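Chains: A, B, C, D, E and F, in written order; residue numbering restarts at 1 for each.
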Amino acid sequence: MRILVVNVNTTETMTHGIGVQAQKAAAPGTEIVALTPRFGAESVEGNFESYLAAVGVMDAVMRYDQPFDAVIQAGYGEHGREGLQELLEVPVVDITEAAASTAMFLGHKYSVVTTLDRAVPLIEDRLKLAGLDARCASVRASGMAVLELETQPERAVEAIVEQAAAAVTNDHAEVICLGCGGMAELEQKVRERTGVPVVDGVAAAVTIAESLVRLGLKTSKVRTYAPPRPKRITGFPLTGL
Amino acid sequence: MRILVVNVNTTETMTHGIGVQAQKAAAPGTEIVALTPRFGAESVEGNFESYLAAVGVMDAVMRYDQPFDAVIQAGYGEHGREGLQELLEVPVVDITEAAASTAMFLGHKYSVVTTLDRAVPLIEDRLKLAGLDARCASVRASGMAVLELETQPERAVEAIVEQAAAAVTNDHAEVICLGCGGMAELEQKVRERTGVPVVDGVAAAVTIAESLVRLGLKTSKVRTYAPPRPKRITGFPLTGL
Amino acid sequence: MRILVVNVNTTETMTHGIGVQAQKAAAPGTEIVALTPRFGAESVEGNFESYLAAVGVMDAVMRYDQPFDAVIQAGYGEHGREGLQELLEVPVVDITEAAASTAMFLGHKYSVVTTLDRAVPLIEDRLKLAGLDARCASVRASGMAVLELETQPERAVEAIVEQAAAAVTNDHAEVICLGCGGMAELEQKVRERTGVPVVDGVAAAVTIAESLVRLGLKTSKVRTYAPPRPKRITGFPLTGL
Amino acid sequence: MRILVVNVNTTETMTHGIGVQAQKAAAPGTEIVALTPRFGAESVEGNFESYLAAVGVMDAVMRYDQPFDAVIQAGYGEHGREGLQELLEVPVVDITEAAASTAMFLGHKYSVVTTLDRAVPLIEDRLKLAGLDARCASVRASGMAVLELETQPERAVEAIVEQAAAAVTNDHAEVICLGCGGMAELEQKVRERTGVPVVDGVAAAVTIAESLVRLGLKTSKVRTYAPPRPKRITGFPLTGL
Amino acid sequence: MRILVVNVNTTETMTHGIGVQAQKAAAPGTEIVALTPRFGAESVEGNFESYLAAVGVMDAVMRYDQPFDAVIQAGYGEHGREGLQELLEVPVVDITEAAASTAMFLGHKYSVVTTLDRAVPLIEDRLKLAGLDARCASVRASGMAVLELETQPERAVEAIVEQAAAAVTNDHAEVICLGCGGMAELEQKVRERTGVPVVDGVAAAVTIAESLVRLGLKTSKVRTYAPPRPKRITGFPLTGL
Amino acid sequence: MRILVVNVNTTETMTHGIGVQAQKAAAPGTEIVALTPRFGAESVEGNFESYLAAVGVMDAVMRYDQPFDAVIQAGYGEHGREGLQELLEVPVVDITEAAASTAMFLGHKYSVVTTLDRAVPLIEDRLKLAGLDARCASVRASGMAVLELETQPERAVEAIVEQAAAAVTNDHAEVICLGCGGMAELEQKVRERTGVPVVDGVAAAVTIAESLVRLGLKTSKVRTYAPPRPKRITGFPLTGL
């Protein structure tokens, strides 16, 4: 089985990291292909960039010319998942939803710890639309920008661990979802400090995508995610569809 | 005062119609500038096309090189409003929200009548995120495609009037929002048949935008709609920002 | 166009202040007529007084013997709007709802800052019924009584500004609605201190009323706000209806 | 123990009927005093009349010059309960809430059957504010006006029974609340036809008021229902407070 | 009238205390019979123990061989009420719901103060399912275990009073529900310290059960609480049903 | 990896069927062990039986004397999952939640088709508590009893397919969850008739349990699902814990 894992930003090192993380979570026999959009922002931290990413991810997936069995959109709180679901029959899994859905099997309430404060409403909105917000205790920001996770990993770990601990103590979270890129040590440190299970969205999404494929389940095409109707698309990377 | 009214699709005749409708609702002294995206779908009827429109509308607004006081995104149930709000300080008004917000001053519950059934969940989602769904009695589809509103106006009017009547009778709607492009006769016919006020989103949005401008109110920049952080944007129509 | 702006209490200086505030927000050609109820409390700060005001406002409007195009009920969190809507065809706008509805176009979440703590549940209830509570971050009390806004303006401004700042910092409000009478300097000071847009309910209501009139929209009469059925009304100021 | 049961309209025969109904439900030793407002509508079927009733009921209670232990507001879906709670320390029970609260001990979902369709939104709003709507399956109108319950009792019974049956069959109600004045035969007929428990609001309110009194529980005075602050009340029946 | 009050745990001294408390609240002529389950935990402080209690309580009630008119399940936040409702026609009242339902007649918001933090989510879940959570300001834990209420009464009172005061001050509760066994002095101390009405669940449940019986109301049998269908039950205390 | 799949009723043929179904969905290397409770009802169709099952399932799991990696509770809408989570560290997956969680990745709204109408409120309540109800279009009953699925398979298939089709057409479901035991042909027939993806709860639960195990995720022990505190448990199958 081949799963496309699409980064939402154009930073190749991040794509590489996500691919490694995904492959680690994958079952034997699952091939992970990590894609980077041709255009868009080097990091996605708001609505403008997220809308670019929505189209950039669709473009990246439609240009991929080999068969694949599922797609993972690897951005926390981003737009675009519904568009992919219209374009494809194979399952599309968003890591924000994958993490929340997984966390809900592990504790009564979960919290998300993310990067900048400005990303919080985007994540809250995504969880609300997905109907996965009822057991969300809080979405907390570490104050670290996406790229700082790479450039200042120690400070980032500390800031994230601190918010995770606050979520458990103050917001009664029983599970933490990491709403930001994967540093290998992050999961372990958060778990050690808080004593609660820690869910990484990319890993969760990989197992969900694999499960859907193995069960032969595909996106429903009867209404919301029916294929786009044939029509004229003008001057756009995706025109060729 | 100058208000940009941006069509979400690339059909110029529609842009023209929207512009006329907007100007009719505008106060003396308000100049309406109707814009068409350079790229995207000729009609927007789903998530894929709506995400293209989100970027197409941002591109059209950013390329406009004259001063303006407010922007109206003239698509029902479409993505993208939050992106524009990040890019601009002037008010941004979405017609879906403008219509709902206006309808709520006129009756206890309102319904939306739109084009195809597949657009219903998009509109429901937009109203939910906007927190304007609590008094929405229903979103109903007429079964007419966007372009058929122009090519088969009589059949379209009939289908829309029928759904509006059903909304009043069965769903207890007391106001009808027209979730589709403006035919001059539509408002009148729906009002005559149902006996309830009929809100056109474009007209409602114009008066709201004018009001915000006159009150000196601008988009809040402290959190969700703060300007995008300076960063590298790759290979995209909007790169020049 | 003539708009009646009805104070909910019997303090004439407040009526005057509200009238000035309304006229300032009005478009050229709009005549504001500010009315004071013949009976009721000198300030409205609770349910008993608010129910008196509901009837006092209806009485004041029904006794007004000139034509008018819209009515604004100028009390924050008060009862009575639905009664006016039954009695009139012209639009009726409540300033609590006008402020909230306007704020929602400017930021992701808004807060209301009002007078006494006991008024908070009334405002919360009004927003809930109006279906405008989903994006309300908080309703906060300054601890100042209504009449103290006039007698101790400096202390009032300080107390209100402080709660507005707390709403932005702690509750993540991106817009502030002023749930109390208008001091000219209040808006400016709150904006300066918090950096967020500030919505005054009276001003917002004026532009909304004007917009509804200009669009030819009236209160729906098919169900909730149908005219009262003809019947015997005993011994009441409003008997003459 | 003495309980005041206050009719919301000025029709004495209705007051008498409500008093009889209340006394039947009362425990030995409970004295029921049925009061009629001095002013207001002969029947309350909408917001205008309901706001008059709110003040009329407060007036009637405040003019009653003997001691009493609790007050019941005997109108379905009416305004005013919160005002009474401010004015009094003894418990105040609204029959809309009493019926719903009682029904929730008897079945998973309940429905209300009331008089005219226009009363439905008022009842829905009252249940929503009271936080008793989550298990409300529906509020249905029989189409009978309040006074027709007295003048056309047979037709009224038939119409109400029919809606009750529809609530059980179509809306999955397991309990019926009678949202209209008490005809002796109504309860029995609805029970026979539907096979579900039938709750009369007046009877339910009597037992709840008695219980609160016996347990020594009074209205909380710390915030929402604190006594009105001392202030000037102008030219109103209630001035003498 | 005879009411069974069933302890959820196997500690006889607690059963005795609950019985005394219930009898004190009962009307003259009401006989309280306090039952202890034959099996289960000496104190119930979590889901495992609560599920045992659900069956233990059903067993205790079914083995009781005299007639009775109502059943009270005297555990805060426990499972099992719905099972009893299927097995019986007489009313079944859960003290968690009785307390909340009663509190809602006394103030705008109520809080629950309970024993251990781990019990909080159980109580929250029970209130949510019962549709009585909309006006719940908070559920707070005193940190005292169930049995410590008996062994360390002074410390328990202090801890509970402290949380009650915090609920009033911080969470805007206007009424306190005691979510733990009754010490005579507890109610009084909480009332003195907070100035708000205090509801004891057992007492509230007794008056509600009495009221339902007096009104001739029984559990609805049309759907959710229909009697169990006849079938083979294997090797269980309750087999004999 | 070894996963225990526990039937909620005592019918061995059903346990066998569930085991086969689970094994079919399992990855290579996953051993499915299907358990039957020692006591309880031959079929579970209501709260009384479901509470017995809650304890029966806990008993069956605690008596199993080999190591295992996860537990699946294979009953639709049943009580008990939270108790297992307290007793175990390994993941516990309820099939009602597994199916809903899976369906939400495949379409905008899902419906559940179950056995008897009386099971509908139980399933609705379970989904509500799990916070998975926001995108549930409906829970529909086929009218077939649990054991009739085995004795009248053809009629059962027909009844279930019919309700699934109604859910898609009338309730706008885009995915169907089968809330009843697995007949091999059921999934296929529902898919053929409705054109939407069909989720079997047991299969979904197996893949979720496998995923949690593979990711090293266990039940959070900090609050709701902390191990039962050491205490005296009297006279119960589970005493030996």
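Quick note on the criterion: a residue touches a chain if its C-beta (ideal position, glycine included) is under 8 Å from a C-beta of that chain, and two chains touch if they have at least 3 such contacts.
As the structure is a prediction and not an experimental result, all values here were calculated from the model.
Peer 1: Which chain's centre, taken as the mean of its Cα atoms, is farthest from the centre of subunit B?
Peer 2: E
Peer 1: Count the residue numbers both subunit A and subunit F use at their shared interface, divide by all numbers used there, and answer same if that is over half, different if under half.
Peer 2: same
Peer 1: Nearest 5 degrees, what's the C-alpha rotation angle taking subunit D to subunit E?
Peer 2: Here the rotation carrying subunit D onto subunit E measures out at 180 degrees.
Peer 1: Taking each chain's centre as the mean of its CA atoms, which one is most distant from subunit F?
Peer 2: Measuring from the centre of subunit F, the most distant chain centre belongs to C.
Peer 1: Would you mind pulling out the distance in Å between where the CA atoms of subunit B average out and where those of subunit D do?
Peer 2: Distance between chain centres, rounded to whole Å: 44 Å.
Peer 1: Whole-Å distance, subunit C centre to subunit D centre, using C-alpha means?
Peer 2: Computed value for the inter-centroid distance: 29 Å.
Peer 1: Scan subunit F for residues touching two or more other chains and write them down.
Peer 2: 108, 120-121, 172, 223-225
Peer 1: What does subunit A use to touch subunit F in their complex?
Peer 2: For subunit A paired with subunit F, touching residues are 25, 27, 91-93, 97, 101-102, 104-108, 130-135, 168, 172, 174-175, 194-197, 199, 203-204, 207-208, 210-212, 214-215, 217-225.
Peer 1: Spell out the part of subunit B that touches subunit A in their complex, as residue ranges.
Peer 2: Per the stated touch rule, the residues are 10, 38-43, 45-52, 54-56, 58, 79-80, 82-83, 85-87, 117-118, 120-122, 125, 128-129, 145, 223-226, 228-229, 231-236, 238.
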